[in-house]
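Presented sequentially are two complexes of subunit A, the first with subunit B as partner and the second with subunit C.
Presenting the complex of A and B:
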């Protein structure tokens, strides 16, 4: 159980951090963020099982990346989680970028013509933690993509969520409930953090 | 020095400005919608106009709705290489705070430090003191006055009393007429409006 717990935290964090960093770089680079926002916001609702299917097709032996032999390994699982997190992270980063008033876009354009990218990155920096936790929450309890890509192999690629499903199917309800409680606690951490940070940011 | 010979459209009227400005602070005053902000945007090439504008570079701009970037005060300053300027001012104890937690006056001061760090020869400041009390406004005006010894500084303002405090020439927007007036004439004109 300890392995599954740490594995879940590790893979989820790795996928969310990669997605958030890439999203920040992307959102700070595009010149028309509003156009990109609609696309990524639509994609952020993609069903996880479809992402799992995509990763399965990519890494299966007949797939274009089959030679990597990643299917049913942690690498395929993290790839699926990353792909699942990316549209959400991009949508949040782009929304933050578009929240800049016209005056501030002009301020950056006039005063920092050669450092626009750094300025937009600095603007996004403040929201990285909340973007991270939202994407983290999206992939933490997800089962479909994790099962199709990682195979939910106990002690190797199973996550808290896939383990709950597995134990319930076996009728091991006590273990499933313990895992469920653990997942609940872990999933509450972002909310507590965001509440505390917004409380701090409001100056109280 | 700034040389302006332009015509531009504001709503349905066309404004023509043909003036030369040597180093110094110039208030830009006039009623709402008279074209003050549009004039600054013309100078920056952000609004269409006919004619010619010559300004000494570098040019810096502090807009009306300035908001710090969503990161710390220190990060906001560092982006402009302005950390050293701020270490001696009232923001020195707040460098690690999120910039959004600053008061209105402090935010304006932050923006001012940022643009001053660029050492502009032409500085355009739009309504930065709009929601400040007199003391905070005076602080900002004092910084601009000192800086204007080495640059042309335009400051758009709605606060008529700003003219009385800084006692400098003003570019006055009145209907379709825009004129640069020495302090005494600008003061008389503005007082006549108030009556």
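Presenting the complex of A and C:
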């Protein structure tokens, strides 16, 4: 159970961090953020089980990346979680980018033509933690994509969420409830962080 | 100050977690064994895997699917070895050069409401199914192409009946064995189950009772492999230790 707990936090963190970083780079380098925003916002609602199916087909022996032999390993699981987090992270980063005031945008274009990228990144930096926590929540309790890609193998690729489903199927409701409580605690970590950091900022 | 501390903590936390995950990823890919949901949920699959790992030194990843999906995964190469209980499906694999090693068996049971409205007790499975069909008594079907579902379809087939034409009394769950049993328990319906899942969970199913079984309901589990490297695994199924565990879980181990 300790392994599953740490494994869940580890993969969720890895997937959310990479999605958020990529999203920041992407949002700071496009010149028409508004167009990209509509596209990625629409994709943010993609059903997780569909992402799972996509990753399964991708890494299946009959699929294009089958030679990697990643299916039913933590790598496939993190890939699925990453793909699940990416549209949401992109949409949030792009929205922040479009919120940049018009005169600031002009100022950057005129005065910092060679440092545009850095300037936009600096603007996006503040929202990265909250974006991270939103994607974290989206991945954490997910079962369908995690089972299809990772296989929910006990002690190897099972997460808190897939383990709850498994224990319930076994009729071990007590264990399932304990795992559920753990999952709830983990899902609360982001809000605790956000509350504490805003408290720290205002006390400054 | 608080904010800075938080930031330091958050960053070190992230790095630690990424490191942990990377360490978890770098291991060699284990042998992927696909098995049926009912077999994993019985707890026997996990116990057998422990024995197999100890005796062969191979690391095994256990993935659970319905028998249909399991055979499909073996064909595609997404799983290296398998344990299934659907002989007709397994034949598709033996035609493709796979080895099929039957290693244990038990019986499928018809269980149903305590009052037994169809009066099916101590009939053969086929006769009991005929009674249920004639009286349109509630019947829960797994409907998931699992070995149990295949057996159920075969029994209807022996009567020349097609479940696709059945009415509302025929409930398709598309769920695992225990969940389906719980649904039958709630609805007061008949259901075909494997002996092992039933015997281990009957105390959670107060409305259901054993109705009948017969020779048509023989449930044979086989180990499937293609790569000669995995022949050692098939040997391990016949070890004393493995056979003892198989008996504990209400199955009868077979001779090689």
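Convention: the second predicted complex is superposed on the first by the 197 of 204 C-alpha atoms of A that agree within 3 Å, B and C clash if a C-alpha of one lies under 4 Å from a C-alpha of the other, contacts with A are read in each partner's own complex, and residues count from 1 in each chain.
We adopt the following convention: a residue touches a chain if its C-beta (ideal position, glycine included) is under 8 Å from a C-beta of that chain, and two chains touch if they have at least 3 such contacts.
All figures in this text were calculated on a predicted structure; none of them were measured in a lab.
Subunit A has more of its residues touched by C than by the other of subunit B and subunit C. Looking at the shared chain after the overlay, A:114 reaches neither subunit B nor subunit C.
In the superposition on chain A, contact is made by A:151 with subunit C only, not with subunit B.
In the superposed model, A:96 lies in contact with subunit B only, and not with subunit C.
In the superposition on chain A, A:74 makes contact with subunit C only, while subunit B stays out of contact range.
Using the contact criterion defined above for the overlaid structures, shared-chain residue A:196 touches subunit C, although it does not reach subunit B.
Residues 201, 203 of subunit A are contacted both by subunit B in one complex and by subunit C in the other.
By the touch criterion given at the top, residues 1-3, 6, 10, 13-14, 17-18, 20-21, 24-25, 29-30, 32, 37, 41, 43, 46, 61-64, 76-78, 176, 178-179, 201, 204 of subunit C touch subunit A in their complex. Residue ranges of subunit B in contact with subunit A, taken from their complex: 41, 44, 46, 59-67, 69-71, 75-76, 79-80, 98, 100-101, 111, 114-115, 118. Interface of subunit A with subunit C (complex): residues 6-7, 9-11, 13-14, 17, 60-62, 66, 69, 71-75, 78, 129, 151-154, 156-157, 169-171, 193, 196-197, 199-201, 203-204. By the touch rule above, subunit A contacts subunit B in their complex via residues 96, 101-104, 106-107, 110-112, 115, 118-119, 122-127, 201, 203.
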